[in-house]
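The block underneath contains the structure these notes are about, expressed in structure tokens.
All chains are identified by letter, namely A, B, C, D, E and F, in their written order; residue positions are counted from 1 within each chain.
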Amino acid sequence: MQHLSIFPILIPLLFGAIMLLPPISRELQSQRISAIIGTLFLLISSATLLITVDQEGTQLYALGGWQAPFGIALVADRVSSLLVLLTSFIAFAIMLFAISGKDKGGAYFHPLFMFQVMGINGAFLTGDIFNLFVFFEVLLIASYALLLHAGGKQKTQSAMHYVLLNLVGSSLFLFGLGILYGTLGTLNMADMAIKIGQLEGETTTIAKTGALLLLIVFGLKAAMLPMHFWLPRTYASASAPVAALFSIMTKVGIYSIFRVYTVIFGDEAGELANIAQNWLWPLALLTIAAGSIGAFASPNLKTLNANLVIVSSGSLLVCAALNSEGATSAALYYMVHSTLASAGLFLLADIIARQRGKAEDRIVHSRPFSQPRLIGFAFALSAMTLIGMPPLSGFVGKIMILQATQSMAQTLWIWPLIIISSLAALIALSRAGTTFFWRHNGSPSTDDIAAKPTEIAGIALLILASPLLVLFGGELSEFTQQAANHLHSIQSSAYSLLPGVTP
Amino acid sequence: MLDITITFVAAIICIALFLNLWRLLQGPTLSDRILALDTMYINAIALILLYGISSSSALYFEAALLIAMLGFVSTAALCKYLLRGDIIE
Amino acid sequence: MPFYLEIIICLSLIIGASFLFIGSYGLIRLPDIYMRLHSPTKASTLGITGVLVASMIFQSYEKGGFSVQELLITLFLLITAPIAANMIAKTALHHKIKPLKRTQNQDLIDSICEREEPKKADEKSV
Amino acid sequence: MKLFPMPFHSILLFVVWLLLNNSFSAGHIVLATFFAIGIPLLVGDMRDEHPKIQKPWLAIKYVLMVLKDIVSANIEVALLIIGPVYRLSPGFVAVPININSDLGITVLASTVSLTPGTVSAEVSKDKKWLYIHTLHLMNEAKLVEEIKSRYESPIKEIFGC
Amino acid sequence: MEGIYAFCVGLLTACGIFLTLRGRSFSVVIGLTLLSYAVNLFLFASGRLKLNAAAVLGQSEQYSDPLPQALVLTAIVIGFAMTAFAVILAMRARADLGNDHVDGTLPSNNEDSQRSGGQH
Amino acid sequence: MNTLIWLPFLPLLGTLIPLFSSRYSRTACAFYTAALPALTLFLVLSYAGDIFQGERFQAAIPWIPNIGLELAFRLDGLALLFSILILGIGLLVILYARYYLSEKDPIGKFYAFLILFMFAMLGVVLSDNLIQLWFFWELTSISSFLLISFWGHKTEARKGARMALTVTGAGGLALLAGLLVLGNTVGSYSLQVVLDSGDLIKSSSNYPVIVVLVLLGAFTKSAQFPFHFWLPNAMAAPTPVSAYLHSATMVKAGIFLMARFYPALADTNLWFLIVSLTGLATFLMGAYIALFQHDLKGLLANSTISHLGLITLLLGMGTDLAAVAAVFHIINHAIFKASLFMAAGIIDHESGSRDMRQLNGLWKYMPYTATLAMVASASMAGVPLLNGFLSKEMFFTETLHQASLGSLSWIIPVLATLGGALAVAYSTRFIHDVFFNGEPINLPKTPHEPPRYMRVPVEILVGLCLLVGIFPGFLAGDLLASAASATLNGPIPEYSLSIWHGFNLPLLMSAIAVVGGLIVYKNRSHMFKFQAQFPKSNPLMVFEASVQFVTRQAGTLIRFTENGSLQRYIFAVLGLMVIMTISTLVKLNTTAGLRPEIPVDAMTITAAFLLCVSALATVIWHRKRVVALITLSVVGLIVSLAFAQFSAPDLALTQLSVEVVTVILLILALFFLPQKTPKESHPRIVIRDLSIASLIGGIIGTICYAIMTRPLDTISTFFTANSKTGGGGTNVVNVILVDFRGFDTLGEITVLGIAALGIYKLIARMRLFMPSSDGKGRPWSDDKHPILLSVISQSLLPLALLVSAYIFLRGHNLPGGGFIAGLITSVAIIQQYIAHGVIWIKTRLKLDYQILIGSGIGIATLSGLGSWAFGHAFLSSWFDYFYLPAIGKFELASAMIFDLGVYLTVVGATMLILANLGQLTTSERPVLKEDE
């Protein structure tokens, strides 16, 4: 399958386009069916891609037959194929959840969902920085539209902030791209990585400004302080499947930071080696702090979860700042874990909000659940995952991050923050959980609000992935270790992608 | 001779553009501004054509054509807005 | 390029430019919006035609063929300029912008605005 | 006739395509024919009913006359603009019209706008009056008469309405 | 020439940024449009300015860098899509929230801002 | 060997049993539940013989090697001791709980949690890997949380459980940090390696950190001062839980931890200071507080704290004998405390109260239970012939034998005696207040003896108290020896387990303690009065209040930072950008590079001037929205002129058409938005914004200039070289768009399509504000569709379509292409909308824009997929020249199909946006009174 690496982009694109055409566009039911089929195909092809990459090494796909650096190349290495699989997996799970009713409330849910997945996968796979911009925009515009799915004042308001901020971000992205192209004369990331080392004189200074501009853009997507303000409200107001899908969006920013600042501006970048790390340090730590404080202050479960997303972003940024193979490996593991966990909790929050009547997901007492055991169990699992308590996946990621710190100074800063953030998550989530499941009055609602089988299946897929991540933690961490290894070696991440170019 | 003429004509058109800008900024009414904009479009067409002559290239013709077509639409839309508020109804 | 062609081109350029200039000059000089309308619609149309003719001849020569694309622009402008003027005039009238004091038949403005027949229709019609 | 819902436009499109491409090559003639037939078919629905041109030759004559008028109009107006402004005496004029087709009225109004010193400002609701603004109104009656005879009647004749 | 060009880009950026920092959605959209002009010009300039060098083979002796032009084209289209979305979102916000402030609520110290609002 | 690996998981398997068996009778449920722990206990005991011989069993399989986690278990003396405690007492508690829990309580759930906890605890004690140890450690926190909050409908249970979880969770995190540092220092996470490298650890600079962090974990779990407060509040749990967690297991985990790491960490001054002083303080304080509890379980809880302090103190002393004593007391305390809790539970269960002010004289009602309880509490008090006495004697001995406090060392035995006295006092209180001391007061139930089998566990435990007390060497000797040896990771010192050591100082201390305790109890009323002067502080309230305080503060902070002001958010982004770029740019010494500049000409200056003035005008007049729009159009026009001038005709075309569509869109929007912007920014804000805007403008301008004046080698020569031969077109820009970088374009049209869909979503069900008059209050004109415009528009449409076809077809070779053509078509159609309105168009134009978008994207994608058939990569272009008679040579290229897709998408998207927006207004337009 020589075309395997483009499948994760093409499948959602084609399915999205087909859903706009009759006869599928006419009926919700057929859209649902094709959405499930589409995400399933996607899942299968992503898994195949991962296996292929694992066995045969990095897959390079030159679009249009134009070799890098001239054409656009898709690079499916361990890092990107892992994240693509992650995306496909949560897309499948979320779609399962969504088809039992959450996809109503507005047109075009399914095609938009597909396009968003396409954008995310594209951003992960592309090896070209301008193409990265394009896929950023694809996923952003799809997220704008999805955010507004099922309407409501809050959504409109938060969408306004989200959209406008990201528009500013996109402008900065283009400025940064312009600077980098204007100094390097190329767009392929591998080629940039090689050329950056050859820059001379003051051009390096200019290139550096470009790199820092990109850092801001990625930071904005990744909710890095002080650019995280948009996140809690946006995620909290989005409808459940959308919010769940969004949980991977911050990871796109993080991924880009890794891609750009370890490959292009990595150790081999001469004067520009590791320029981002000095900035990332304080900001990452502050992001963790801000997220933890936000988690404390959250009035409802969705906001709480959104703040935990910020915390996870901060932790990942810490890994980026650490800039070592161990840290990158930790980040990859943590990324998989936290995406699954927060996506699961977002979906769960919806069921919780639905069964609690007027109280919704606010942390106040309310009527009891109609399915207390099921929901309670799921909540406990995902809360533990997010806090980082064994036996669920959070602790592995956390330990990996903690172990990745090298020097005493790093340890002194990072450990307390990460540990305190876990504690904050613990306090906040236990408060929420005890309130939800034990502070009751009245009787459960008699409406037909029980979680439907596909909803349960979707949530279960996401939540039960967590223990599996621990069970197969050895294999997974070995994989992430290799992926990190690959990312940190310019030989494999740059030279090997450019036929005919040797160091 | 052609060069000199082109320079001269360019200068004149530039002055014309300045005059348009003056009217556009000066107003006093919105109609005036729209009129100034419309005139500006026409002067811009001239400028582009002139540039085409001076660089002896035919590549700019379409730009001129587009300005002629689209300028009108934009003027019409602005006027319609002032008249009716809603331009597509 | 033969001299006569150059002359023709230059001439039509200069004529065109002058009309364009006059059109814009009128835009500044004339005292009210209704009067200003005249200058761009007319002068500029002709002016642009001049430049277009110049361009046409020049490009024809350059390409060694017959380049008449520019006519299309003229066509467009001839079709659209009056409508644009009309729309702007409508706008101005709708906004009841006072014309110059010495404008004749100012009493018509009200009926124009309402798009009704002139109030003094009987006297005026021939 | 079904092939050419808008014969005039078809011809126009054919010519314009060749104009645009500056070429009379066989390929472009094929394309021009294709568009000349295709586009009217495509947009045929997007039109109100308009009277057909009844007298093409008169139309051409009319166009030439208007072109001549445009040139003179421009020079005239240019002179007025450059000349002393205080001598201008602008004014509104209501011109009664009795063309009963929108196309005819439009052509008339456009012509009026393009020709000496007049801009058509408005058409009354009942389409019986054309209001124009003149830059330099000297003799209202004469102006109205001129418009009616010089432009309106040929138009009526051309479109046969 | 480059100096003037750079100045214009800078000025457009500044204007765009200033308007983006305003409180009303329409101003912000206008600001973003200005900003996107600046961005496009900037990106375009990263291929260096050249006169009479359109990248059409056979039309000139030397060619300007076509790649940034292609990028700008893409950027323009994407910018258009984004602006369109933002504009409609602004309308939607007005419809849902009753005012056109980007935050959805009017600043409390301002009473007469409601005056400019229309009726249903 | 292999048994050991799955041994701890046996109980885990058992968590499912109660859930499924709870539908049968409660007894059956208990029975089935007990089966697996019993089996496990049996298996563990089967190892006992070898372990007593000094053997140690270890088994490991790799799990997550990258974090040093492996599934590793060890069974040595200490682990054996704890396993027996956990499983044995666990079994008794299962039996006990069968009778304790009422019919209403979901017993299956209870057992499931209990077994889960048992599994976790077993995991802790059997762990042979640091990370794994922590893994189970946290599991105990969670499962104990579930158990404590079993009666979650009660506020105290909820809060108590949460507090326990928070405190132990925090400790657990500290422990994790400590273990990681420990592992790092040693270089291995294997417990055996750690235990064997005590010297290395103690000499490491990390040692203090490790000690503090590990002890934090231990102290929080074992409720040591100052983390003791959670334990009494955890008494909200059902009594079987207390009996299990707070006597033998959970709270002992901390002790276990200290014992486990004893060889690696103990025997330093730091260790001594922290551990023994904490232990001492806890010992005294717990005992003191216990005395004043009126709640039966509160008394027991505090006595537990006190005893845990005692063990801690022993472990802190650092002598080998002290460690032996500690291990011994672990056993004894577990036995008597579990029985006491159970007894208290029986009392509570049968009398309905736990308040010692109500419970009096129960001897009459339940003499049998009373006897059992009395024996157990005598053991707690340290009365001879009972097991408590033995370990307490050892304790007193050890306090006398240490000298770490130098000349102040005498304090420790004195304080120990004091603690012993207090223990006697509260034990006496337990006995006397409950079983004697007059008649019961207002009990909810008339007390009576419990069911037969509910007493059995108590009987067994009390029996053990006696037996161990009398025959210590026989019953506990081997166990103690092997456990102590495992604790010390080496040989054990000489000690004697006999009851009688002769008259010596420890005995005297015991005597003093007993007498003193009785005196204290006798005078308790004075002390109660004294104690009553202090305000009662409820740790639960304090904890809740502090959590709420933090929450409130966090809320205030968040409301301050995330104040919902977009301006601030954007400002933050821009501010960061300024900081980052300026810090870099200051290093740029010369702005201008070496590349020669293009000479300036008049046209450029004019254009630049126009651009600048109109941009500024847009800013200045941004509050007059229409005017701003007009000036914005000028800016757009000039920008496209600039593109044209600098050799980018394609860009000029695109910019022009996009600009017009944008303006139309903005005009459309303007109708629904207020016509004007109020002035509301504070001048300070304006200045601030102005300065940051000009800063950024300056930065961008500088960079732009710096880039433009420096030469550059790009990859573009490849494109110009291959455009014709490889892409089949002469317009390089277009070839890049549809071929070299066609993927970008595919993404770009997708963006456009999505935007249209999103906008459609936005428009749906939008309730619009539509002004009935314009900004100055003038009513709108009633002329919907000016006839001149309508007629001309109709005539222009075919022309415009022709032009767009022209632009489309030539795109590959000359400026143009699908995108521009699409926009021209759209503008032409929009013009029809403007001229005729929606209804007119609707009846005449039957186009589904959504289908256009879908098919456009689809066609573009499929054109790319086509190349697969020939074995090429996605979007590989194909073109060829054909000859037809009479027409001549012409070119066909797959890029054209791609461009067609672009065209369709653009038309579809633009129209979907604009037409729908227009459509919406028409139906709801406010009707104007015509004659106004």
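Criterion: contacts are C-beta pairs under 8 Å (C-beta built on N, C-alpha and C of every residue); 3 or more make two chains touch, one makes a residue touch a chain.
Quick caveat, the model's predicted, so the values are computed rather than measured.
Engineer: Measuring centre to centre, with centres taken as mean CA positions, what chain is farthest from chain F?
Structural biologist: D
Engineer: So, comparing each chain's Cα centre against the centre of all protein Cα atoms, which one is closest?
Structural biologist: Per-chain C-alpha centroids compared to the overall one single out A.
Engineer: Report which of B-F and B-E is connected by more C-beta pairs in contact.
Structural biologist: Result of the comparison of B-F and B-E: B-F.
Engineer: Approximately how many whole Å separate the CA-defined centres of chain C and chain E?
Structural biologist: Each chain's C-alpha centroid was found; their separation is 32 Å.
Engineer: Just the number, please: Cα centre separation of chain E and chain F in whole Å.
Structural biologist: 40
Engineer: Using mean C-alpha positions as chain centres, tell me how far chain C is from chain F in Å, no decimals.
Structural biologist: 71
Engineer: Compute the distance, rounded to whole Å, between the mean C-alpha positions of chain B and chain C.
Structural biologist: Here the centre of chain C sits 12 Å away from the centre of chain B.
Engineer: Could you list the positions in chain E whose residues touch two or more of the other chains?
Structural biologist: Answer for chain E, listing residues that touch two or more other chains: 20, 25, 28, 38, 40, 42, 45-48, 51-52, 54, 56, 59-60, 67, 71, 74, 78-79, 81-83, 85, 89-90, 92, 96, 102-104.
Engineer: Among all residues of chain A, which ones touch two or more of the remaining chains?
Structural biologist: 130, 134, 137, 141, 144-145, 148, 160-161, 164, 168, 175, 178-179, 181-182, 187, in rising order.
Engineer: Got the chain D residues that touch at least 2 other chains?
Structural biologist: Residues 16, 20, 109-110, 120, 123.
Engineer: Please give all chain pairs that are in touch with each other.
Structural biologist: Per the contact definition above, the touching pairs are A-E, A-F, B-C, B-E, B-F, C-D, C-F, D-F, E-F.
Engineer: Across the complex, what residues on chain A touch chain E?
Structural biologist: The contact residues of chain A facing chain E are 130, 134, 137, 141, 144-145, 148, 152-153, 156-157, 159-161, 163-164, 167-168, 170-171, 174-175, 177-179, 181-182, 187.
Engineer: Note which residues of chain C are touching chain F in the complex, please.
Structural biologist: Chain C residues touching chain F: 76, 79-80, 82-83, 86-87, 90, 94-96, 115.
Engineer: Can you name the residues of chain F that touch chain C in the complex?
Structural biologist: 778, 781-783, 786, 788-789, 792, 795-796, 799
Engineer: Touching chain F in the complex: which residues of chain B?
Structural biologist: 7, 10-11, 14, 17-18, 21, 24-25, 27, 30, 33-34, 37, 40-41, 44, 47-48, 51, 59-60, 62-63, 65-67, 69-71, 73-74, 76-78, 80-89
Engineer: Using the touch definition up top, name the residues of chain E that touch chain B in the complex.
Structural biologist: Interface residues on the chain E side: 51-52, 54, 56, 59-60.
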